[in-house]
Amino acid sequence: MDKLMTLWTGSGLFNIEIGQAIMIVVCLGLLYLAIRKGFEPLLLVPIGFGGILANIPEAGLALSAAENAIHVAKPEVLAALAGALDVAYQVGQAITPDVLGAFKSAYHTGSSAEVAMANNLASDFGYGNGMLHNFYLVIIGSTVGPLLIFMGVGAMTDFGPLLANPKTLLLGAAAQFGIFGTVLGAALLDWMGILDFTILEAAAIGIIGGADGPTSIYVSSVLAPHLLGAIAVSAYAYMALVPLIQPPIMKALTTKKERAIKMSQLRPVSKREKIVFPLVVLIAVVLFLPDAAPLLGMFCFGNLMRECGVVERLSDTAQNALINIVTIFLGLSVGSKLMAEKFLDGQTLGILALGIVAFGVGTAAGVLMAKLMNKFTKDPINPLIGSAGVSAVPMAARVSNKVGLEANPQNFLLMHAMGPNVAGVIGSAVAAGVMIKLLS
Amino acid sequence: MNELMTQAVDLMIAGMGFVFAFLIVLVLATMIMSKLLNRFTAPEPATPARASRAKPKAQSSVDPDTAEAIKQAVAQFRLRHKK
Amino acid sequence: MDKLMTLWTGSGLFNIEIGQAIMIVVCLGLLYLAIRKGFEPLLLVPIGFGGILANIPEAGLALSAAENAIHVAKPEVLAALAGALDVAYQVGQAITPDVLGAFKSAYHTGSSAEVAMANNLASDFGYGNGMLHNFYLVIIGSTVGPLLIFMGVGAMTDFGPLLANPKTLLLGAAAQFGIFGTVLGAALLDWMGILDFTILEAAAIGIIGGADGPTSIYVSSVLAPHLLGAIAVSAYAYMALVPLIQPPIMKALTTKKERAIKMSQLRPVSKREKIVFPLVVLIAVVLFLPDAAPLLGMFCFGNLMRECGVVERLSDTAQNALINIVTIFLGLSVGSKLMAEKFLDGQTLGILALGIVAFGVGTAAGVLMAKLMNKFTKDPINPLIGSAGVSAVPMAARVSNKVGLEANPQNFLLMHAMGPNVAGVIGSAVAAGVMIKLLS
Amino acid sequence: MNELMTQAVDLMIAGMGFVFAFLIVLVLATMIMSKLLNRFTAPEPATPARASRAKPKAQSSVDPDTAEAIKQAVAQFRLRHKK
Amino acid sequence: MDKLMTLWTGSGLFNIEIGQAIMIVVCLGLLYLAIRKGFEPLLLVPIGFGGILANIPEAGLALSAAENAIHVAKPEVLAALAGALDVAYQVGQAITPDVLGAFKSAYHTGSSAEVAMANNLASDFGYGNGMLHNFYLVIIGSTVGPLLIFMGVGAMTDFGPLLANPKTLLLGAAAQFGIFGTVLGAALLDWMGILDFTILEAAAIGIIGGADGPTSIYVSSVLAPHLLGAIAVSAYAYMALVPLIQPPIMKALTTKKERAIKMSQLRPVSKREKIVFPLVVLIAVVLFLPDAAPLLGMFCFGNLMRECGVVERLSDTAQNALINIVTIFLGLSVGSKLMAEKFLDGQTLGILALGIVAFGVGTAAGVLMAKLMNKFTKDPINPLIGSAGVSAVPMAARVSNKVGLEANPQNFLLMHAMGPNVAGVIGSAVAAGVMIKLLS
Amino acid sequence: MNELMTQAVDLMIAGMGFVFAFLIVLVLATMIMSKLLNRFTAPEPATPARASRAKPKAQSSVDPDTAEAIKQAVAQFRLRHKK
């Protein structure tokens, strides 16, 4: 009976908090969107599932050993932790929520040495890091996960269309206005007293406008890890919604005649150009923005493996086994940041609202830039390919193509839009580097 | 404007400025690279490069004998189909 | 000459202990069983090989840096370690086996901080963790290895037969009697003074009755890591012996007429049911047994990736590259626990004896449960499928089929037995959760 | 009975009790789920689901053109075989 | 403006040192050799790219958190580090190159505990380990990378030709003279006052003569990590140059008649012999050289997986996904040791000069040993297969075949040369074990 | 000779001596193993072992039905081709 009681008082039904229940429903919703609606399933299935795991009451899968020990709150364990974390607590003292709050905040603001000591002590008392917490530390905490995804994406990217028409790089630059405009939007919300953000948080939210999953995760893990869950979910969800978000904006900013512009066929690009291009990008990074080196370095490395033609084995692995393995862990790790107490917050709503603004602004900036360029170049540019500059590869390029076909059924823009599309990836990695350089 | 707004505006100016500067440099560098490569090196067929890379997969799961037999069968079939 | 002497005094031939020689022969025997007799080769080849590596004299591949330093026993190193581990030792003092024993026991009972400090000191003197020790820490110590295997198994599991006939879940419940019956058996051996066990050890031994490799490794790594080697070897060996262990018990408990019962054909199961089922299991875990969350969570995650149909890439990787990589390291890590001093022990014989009892009891309980259910349901259940409830997927289901065919050559039980077979996996993961909750 | 025996008996009762309780709940939940899904959603062919999952493998090593050619060859063959 | 200034003063162009520029050019040269000339591209592409990344100014990708903090040199951070590393420094004191040098040397000579504390402090101030530094720690620092490559190589190796003619193992022994001869060469350079080497450095350089990539990386990571970059580059470059280095030596030491010797056809080897052989090697390691256990153990494990025929899945993964993943990280990690301050050094030139000597001496020793063996055996041995004993699998065996065909167009030596070729792998792993045993 | 030279000479003598000793032992052990295995075990065809290992790949991407159909097509084709 005693033991059955232990099982009952340790059950989820006995312990579940309303926030956890809500988050589980939210995560089931994410799974529904991913599986039935095809919303970026490769990431949202693991993220949604990880979010459910992170909200299982009492399981503590997303908590560190010390956090688990604080949650259980045995007096003798707290007494030991009090020493390590420099919290005023003595055995016998009542364990109020305030006391536990003091422990938690001491843990989160503690130095590396204090945190390590607290976790060591907790593990001596039999508490361990939750599985998702370990995944997060190894995959995102070390920044290796997003970088390896970026390497794999590089190995899957064909820069041919971009090399055939390098001017389209500028469309990828303009669309980054979505990033910085959103930072401004977040600052505005703060100024108007609606929400509170720091500049670090505002910048991390802005990166949603980069429309690039690994870049978003990388930047928010560096600048504002506590917002990572909301930012990643927002980024992937809006990337899936690009076919709904972009067309109205694209149509509003262009005339039917502009949308019907036929672009001249792309010149063939030699293998040599494709091999040398990632090295050119790398050298530009070396000379001008060392802080973009991790992201763009791995991206260029993946692309060089793809194009050089002598390391097929490695390129295949980077595009398949390795990126798949990392994606599984990355998704679960992002899911670990969907814990109720971190996610159910006004900031999350703000992030969701700002995210769609980010996509809209980026789209508009890309289209307007294309129109501007059209005034200076002789080869006409269809402004619809400007919207592909936000990245969201390859969805945004397909949207350009589709809207173009509506205006002129003979007008195939897909390959032309792939240029700004991959340029957008480079552009947002550069923006990420700038923000990390200036803020961290 | 509060301090956060100022910071955000500063960030936007520096950020967009730098992004454009970087990508303009990249446009120029790419154009120069393409010109140099296409001038100073022997012409090379552009498309086969990709095609040849795609085919010789590391783990072809159809063994070569079968593949050859299939190819012959297919060729034979096409020949007949034409007639 | 001096150097040749160093080589000779450092050679295996000069240093080998009888226990190590015995263990190497035992491991060669495991390799023989795996390679020639087909005993679960995917695990037993790496385990057997790892066992040989762990017993190479002087190589210390399965020891930590500090353990290696204690083994070499240089006075100045011991003096440094004495401070970290709080052992009474001074340079100049004779280094007797007792002294070394004191160091070893201080190391094994030391706090995390002491252990870390001892290993740091040892590494400053040039000692390092053995390769297998590192594999063990990363793969089993962190519990990630068994969980990833479980994810892969989930991605390989078809719950169709179970969904067509959910009642067979109860057969998977009954067969867990093998687990708890064995705990009782271990307690009995202790009571009779034949062997000494703690309740943690008894529970870890009981899990052999779960007939599921990763669950056995997970539970014993949590409850009784020092028995992990014997428990894993026992579990895999008896899983391979299921075709010999089960049929006599099945035949003894059933009449020929019962064995000839034909079951009605399974209804088709829709894709939707298969997608939702892992989520139903997950929610049940959330509500009732958070301590089973790591095991069943990863299992359900693997199954959801398989069934949802939108993350083929990830499902393929979970079933192939990832599970294979983890299997290699998991096997070698288990092998690291086959060191002579830990394995050559009366407890190991007890574990081997209790393991076969566990399989027998589980088999019997499953068959009897099926007979009991037959009294209450209108669709007849062939009691032979009850034995498949022990798991040992898919061997036990095949055994059910084979024994059924012997009684009635038209009686194909394979698909019907797959239901209880996968139910047994869920059942033993639940049992594992209960034991971890109540004991750790 | 010594203490270990008591603990083992306790563990067995709690453990088997809980395992049965959990799996009975799961049986019921599964049945309800199946009923709801089959009632409230449009009927769907059950088997193709599996088949379709097996086929579109990520790394099909036969390129589409060849595959089509083979299919035609096979169809042709079957047609003849029937006659 | 302020922010643009920050970007400019943080740019590579502003900060680049001449050494870094030279190293980037050197690494571009490595990439050229790998991609256009086919110099061992699987390793040299990642190494070359990693080398560029390591030399990006201000990015600090190959530095630890503490090294990055020292490079930035903020007074308050240095003050904190001064305590941890026991350096005499006070806030306000001028930060001269000498002071920074003192910090760096204190960091490199500090105990594990001091290093850990310094890195903890640096991370509290917002500095992190560079990406490449993390890769190096995990893949090479733990020695796991080279060992997994060796496992994969074992899984790709067919010992059939060696088993058909086991005497050729002796050719693999003789060719190791290249290793020890080079150690002598390094000692000679030191004696003549041309360069300074310690015995550890000399031994690590000697291993280039093993003509085996993972062995070279493993040994130099243990004996002289600061030379790892130069040694690995030298080893892979000369392996690619084997078709140029070996033939003149082979021809100089043999008569045309000797080169035309036809060898009797190899006997068929049974599957059983192939299964048991890796275990025989392993037992020999157990008995005679435990220090070769990591390298040869993993090699034999890979080969057993290949030959036993019951773990296809694992063997496939070891040969493909796993070895490819490890190769990517291993290459980048080696690249991290191509930092200007460590690479641009007289020692590197010495290493490159000694490396070619190593290959030459090994080739000559193998050929001469074959001639010697010819005096004692009745089955004639073509001395050309002796040169394959240096390893450089399978290039050296192909060279033997090619030179043989020049002398006698009917004389196919490839399979005969595969015996000494794989024997050379075993031989250099044994030599590695001896050097580690005697020196570390 | 300075100390490093002495050490290097020592290392060479010990190293080459040991390498040769080890590999001579290995030659003998291998010969004994081959003799024992070939004497005490039933003869076994040597080559099929390798061939059989190469074929049944884990991830055959052509599904069995298609494969069978192809094989039949190919056989049929060969039959005709002979004529």
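Should a chain be cited, it is by its letter among A, B, C, D, E and F, assigned in written order, with residues numbered from 1 in that chain.
By definition in this document, a contact is a pair of C-beta atoms (placed from the backbone, for glycine too) under 8 Å apart; a residue touches a chain by one contact, two chains touch by 3 or more.
A quick map from chain label to UniProt name: A, C, E = Oxaloacetate decarboxylase beta chain; B, D, F = Probable oxaloacetate decarboxylase gamma chain.
Everything numeric in this text was worked out from a predicted model, so none of it was measured.
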| item | value |
| --- | --- |
| Fewest hops from chain D to chain E - one hop per pair of touching chains | 2 |
| Listed chain pair C-F, B-E or E-F that repeats interface C-D [over half of contact pairs the same by residue number] | E-F |
| Most remote chain, CA-based centroid, reference being chain C | B |
| Selected interface, C-F versus E-F, where C-beta contact pairs are more numerous | E-F |
| Farthest chain relative to chain F (centres taken as mean CA coordinates) | A |
| Chain centre separation (chain A, chain D; CA means) in Å | 32 |
| Centre-to-centre distance between chain E and chain C (centres being mean Cα positions), rounded to whole Å | 37 |
| Computed distance of Cα centres, chain B from chain A, in Å | 24 |
| Geometric centre distance via CA averages, chain F-chain A, whole Å | 47 |
| Touching two or more other chains - residue numbers and ranges from chain F | 11, 14, 18, 57-59, 61-62, 70, 73 |
| Where chain E touches two or more other chains at once, by residue number | 3, 6-7, 283, 288-289, 309, 313, 316, 320-321, 434, 438 |
| In the complex with chain A, residue positions of chain E that touch it | 3, 6-7, 10-13, 15-16, 24, 28, 31, 34-35, 38, 41-42, 45-46, 49, 52-53, 55-59, 61, 117, 120-121, 123-124, 126, 128, 131, 134, 320-321, 324-325, 327-328, 332 |
| Complex interface listing, chain E residues touching chain F | 158, 163, 166-167, 169-170, 172-174, 176-177, 179-181, 183-184, 186-188, 190-191, 197-199, 202-203, 268-274, 276-277, 280-281, 283-284, 288-289, 309, 312-313, 316, 423, 426-427, 430-431, 434-435, 438-439 |
| Touching residues (chain side chain F, partner chain E) in the complex | 1-2, 4-5, 7-9, 11-12, 14-16, 18-27, 29-31, 33-34, 37-38, 41, 43-44, 46-47, 49-50, 52-53, 56-58 |
| Complex contact set, residues of chain A against chain D | 2-4, 7, 320 |
| Touching residues (chain side chain B, partner chain E) in the complex | 10-11, 13-14, 17-18, 58-59 |
